[in-house]
Amino acid sequence: MILENMEICQQQPIASNVYELVLKGQELVNLASQGQFLHVKVSEGTDPLLRRPISIAKIDQDKGELTVIYRAGGRGTNMLALKQKGEVVSVLGPLGNGFSLEETSKGAIALLIGGGIGVPPLYELSLQLVKRGVKVVHVLGFAGSSDVFYEEKFMELGETYIATMDGSHGEKGTVIEIIDNKQLLFDTIYSCGPTPMLKAIETAFPDKKGFLSLEERMGCGIGACFACVCHVKDDPTKTAYKKICTDGPVFAIGEVEL
Amino acid sequence: MILENMEICQQQPIASNVYELVLKGQELVNLASQGQFLHVKVSEGTDPLLRRPISIAKIDQDKGELTVIYRAGGRGTNMLALKQKGEVVSVLGPLGNGFSLEETSKGAIALLIGGGIGVPPLYELSLQLVKRGVKVVHVLGFAGSSDVFYEEKFMELGETYIATMDGSHGEKGTVIEIIDNKQLLFDTIYSCGPTPMLKAIETAFPDKKGFLSLEERMGCGIGACFACVCHVKDDPTKTAYKKICTDGPVFAIGEVEL
Amino acid sequence: MSRLNMELPGLSMRNPIMPASGCFGFGKEYAKFYDLEKLGAIAIKAATVETRFGNPTPRVAETSSGMLNAIGLQNPGLESILANELVWLEQYEVPIIANIAGTKTEDYIEVAEKISKAKNVHAIELNISCPNVKEGGITFGTNPKIASDLTRLVKEVSSVPVYVKLSPNVTDIVEMAVAVEEAGADGLSMINTLLGMRIDIKKRRPVLANGFGGLSGPAIKPVAIRMIHQVSQAVSIPIIGMGGVSTAEDVIEFFLAGASCVAVGTANFVDPFVCPTIIEDLPRVLNELGVDHISELIGGSWK
Amino acid sequence: MSRLNMELPGLSMRNPIMPASGCFGFGKEYAKFYDLEKLGAIAIKAATVETRFGNPTPRVAETSSGMLNAIGLQNPGLESILANELVWLEQYEVPIIANIAGTKTEDYIEVAEKISKAKNVHAIELNISCPNVKEGGITFGTNPKIASDLTRLVKEVSSVPVYVKLSPNVTDIVEMAVAVEEAGADGLSMINTLLGMRIDIKKRRPVLANGFGGLSGPAIKPVAIRMIHQVSQAVSIPIIGMGGVSTAEDVIEFFLAGASCVAVGTANFVDPFVCPTIIEDLPRVLNELGVDHISELIGGSWK
């Protein structure tokens, strides 16, 4: 966890309002692992004031590069999208725990379920799982065809199903419906996406071992401000908590309240 | 007076913390005249919030370009200095009355007295006076040698004396001292610079016809907010006023209270 | 534009956007940029009985996402405003809200009575963020009793509805709002500026000649939204919302908080076209939100 | 660094910079970035008698040059803070200011009495911006009588000096300050956050689950400077200044307003190194201003 000025080596739109940004730095890259995130300052000044949490999508330690994929929607991400190659951004990271790889053994099948802008962290995860000899199956949900990205990249790593809400690309329906329809077999689940999707996964596969990456509005990103806490499941005191920025963003299924 | 997005065609340092910025636009250039100023937004967002008033130093209607010269000192001008060729800034202008040329007839001698960052508007003024057949004499005061700019450009137009407070360039002393020492002869005065200098000019040459360009912190720059008013000289009611942004920034010597 | 029109006491507006008092002079400067009839209304600069020069300069200072001003109510005085400014404004079909100020009750009454008779003045905005010289300089707008007494007296003489412009520099804004509503206010304007200061570290003195100034701009928007959210649930008179508005989305946020129309102040200095731009942009945002008429949004965050 | 050291009641500080309460947890996270002994002091997160989970999320929202928070005083509770957090902090030679909060007087008293006995707690910061459940939820910090009664009772039980942290959401901050000074406060902390709100225009609901939140960051600096300027002239106890500090120049501005040391809150989230960076930068600014010791600047804007 360090603070580093990273240079933009590439920035390009890869789907409707979605950008792929490659950042080059020094030490930070060497500390990074799948499922961790960066806390990015998109302006020099006080507007916008806070950093933006963005997941690491790809780590290239040889080149010293990190790739992130983000949707430009609000004030901060729109400003980030205007940045050009060569510009420098202040990055705090890598933050959070990331996806653990140990839980899926060689030869087992990992099901990676991504929803929209929750897809990016699954890419580095998939790369790492494949490296370990795990078989990966991807089910990626998007709103419509113009929102889809990285389909081919995921296909290179393993079976890949795309679900769109309007059926304009891949299959029509939710990721859960696809998993059911295709009767996909798997040992572990790894997922990142909107909370309703994560909840649906918990409900659909109560007995599976798996990991969910959560989102919450953050202040510090490092565990100091208590902005990003969530309740722990089955806690009668209701005072136990986990911080998404440091205890997460990845939690075991059933660990915390969604 | 219009609002126009102007493109930066050139930006370069020309003295210590002083930048020459060339802006290209459409209509605005054609409306501009010597001594008027621009109200420049240096950032897209709300930090810094207000526009920055900067005098027009040179007008090139053929090329559609305006040159301004500014000192990067505070938050806004420092941000402006970071802008690159090709970037666009929002400019409100041309604002204010500007220097009237009529008061000096062909063949007469105009003394142009500039102090520090008050020098720039005198350049276009000098160009215009020379064009009218007026003989121009420049006395330009700077803090030290590293602050001097445009010396040669002024020399091309007429006699030019440089005064520095530390004597590191030109003559040591104030502009008034130089005018005295050199026993400069002149018909009219045009001046822009720090208020103490303008006051000294009023005191030193009570009988000369002349014009002073003033500065004040501004809100709107167009006469609506009453941020930039000054008192009118010899006003027993003490309620008469002039707005520097619209009635000025140029006033006849003796017209307003400095 | 039947999606934007708004009927408030005294004010029949083609859209709910007006420039805020003190940020638009008497309209002449902005008339050089666009047709003032595009506006829903115009709140003109505070009028006092006498001509006032106001405070010494510097009168403005910049802050993070905001600005401080201490203009000091400079204005040409009631007679001149009636004879010149308001007559000039008659060429535009747009309701005028006359902001009135004073340092003693009698002054307010005199201005209110006379200015409310002007042909195009459709409402009075009672600026109570002024020091009451008779009460040792305590601001009219920080004491519910003083504010409601003033409201009552102004209501008695005014020929048009009276909107009381609340100061945010109070412990309990709801108490103030309820007090002036009970005293007969037809509407509220909120918020006026927050009291602030900047110090020049080289000169070791406040940047403003007056020392203190009023903080406005985007920085204060969350305070304005909070207060309107609180007050709109406690009163039944409409609220003209203001404080940092600079986009159509901001306008929606103010409506959802509980405002029935919105005034734009500081943003005029940043972009002289901000008011017409917002007005033109509002239908787009209403479409995105699936709203037919903007009035459906009033108080939508708590209803 | 004899140009920066500062002696205040209970606090012997090597420099006048401390992180603000609630913005630094109990130090563990920032200890990963730098040696906490670089700091003049540390104001730890508010302690309450019981473990508190706080408010539902979202708990923060961004605003122009500021942020809103409604953490809801989440903390592990007095016993755990004593047994774990404060003991962990003992490894650092740096005075701790224990921020204490509660919803009834008895709670404050219990926390103050016990926490003030901890070895490294050198002062208490009494956070009175909390709703008093016994008084129908009215904030302790908005009523001079309630605030001074609380101050008096806490002073009675505290083994260390007590700094009262004032809420800016009041009509008359000087009245509050004078009241708590008379009740025995050894110092003041100011300002706490301004009450604000943001509304999500798509959801038509406040962004924060709690509705309201506290506004902090550069946006509120002018309000903080104004209040410290007013209060420092009316009291003779020292002031810990805060509200939007993020640079060494900001620190100077607070000193000139009347603060004797400065706390940095929100800026820690933007730059985890902000406190040591400011501390390292201060000598440069003192040089530029021709000042030997920073204490020469206290109240310099009005002295």
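A, B, C and D label the chains in the order they appear, each numbered from 1.
Methods note: a residue touches a chain if its C-beta (ideal position, glycine included) is under 8 Å from a C-beta of that chain, and two chains touch if they have at least 3 such contacts.
Molecules present, by chain and UniProt name: A, B = Dihydroorotate dehydrogenase B (NAD(+)), electron transfer subunit; C, D = Dihydroorotate dehydrogenase.
If you're wondering where the values come from, they're calculated on a predicted model, not measured in any experiment.
> Quick check: more C-beta contact pairs at B-C or at A-C?
By number of C-beta pairs in contact, B-C is the larger.
> Roughly how far is chain A from chain B, going centre to centre by Cα mean, in whole Å?
Between these chains, centre-to-centre, one finds 54 Å.
> Distance-wise, how many Å sit between the C-alpha centres of chain B and chain C (Dihydroorotate dehydrogenase), to the nearest whole number?
Centres of chain B and chain C (Dihydroorotate dehydrogenase) (C-alpha means) sit 36 Å apart.
> Taking each chain's centre as the mean of its CA atoms, how far is chain B from chain D (Dihydroorotate dehydrogenase) in angstrom?
A distance of 46 Å separates the two centres.
> Give the residues of chain C (Dihydroorotate dehydrogenase) touching no fewer than two other chains, as numbers and ranges.
Answer for chain C (Dihydroorotate dehydrogenase), listing residues that touch two or more other chains: 63-66, 217-219.
> Could you say which residues in chain B touch two or more other chains, in rising order?
Answer for chain B, listing residues that touch two or more other chains: 46-48, 75.
> Touch graph of the chains shown: is it line, ring, star, complete or other?
complete
> Where on chain C (Dihydroorotate dehydrogenase) is chain A touching in the complex?
64-65, 218
> Can you list the chain D (Dihydroorotate dehydrogenase) residues touching chain C (Dihydroorotate dehydrogenase) in their complex?
Contacts found on chain D (Dihydroorotate dehydrogenase): 63-66, 68, 142, 169-172, 194-199, 201-202, 204-206, 211-213, 215, 217-223, 225-226, 229, 244, 249, 252-253, 256-257, 285, 289, 297, 300-301.
> Note which residues of chain D (Dihydroorotate dehydrogenase) are touching chain A in the complex, please.
It comes out as residues 22-25, 28-30, 32-33, 45, 51-54, 57-67, 69, 71, 74, 217-219, 246, 266, 268-273.
> For the complex, which residues does chain B have touching chain A?
Residues 43-48, 75, 79 of chain B touch chain A in their complex.
> Please give the residue numbers of chain B that touch chain D (Dihydroorotate dehydrogenase) in the complex, ascending.
Listed in rising order, the residues are 46-47.
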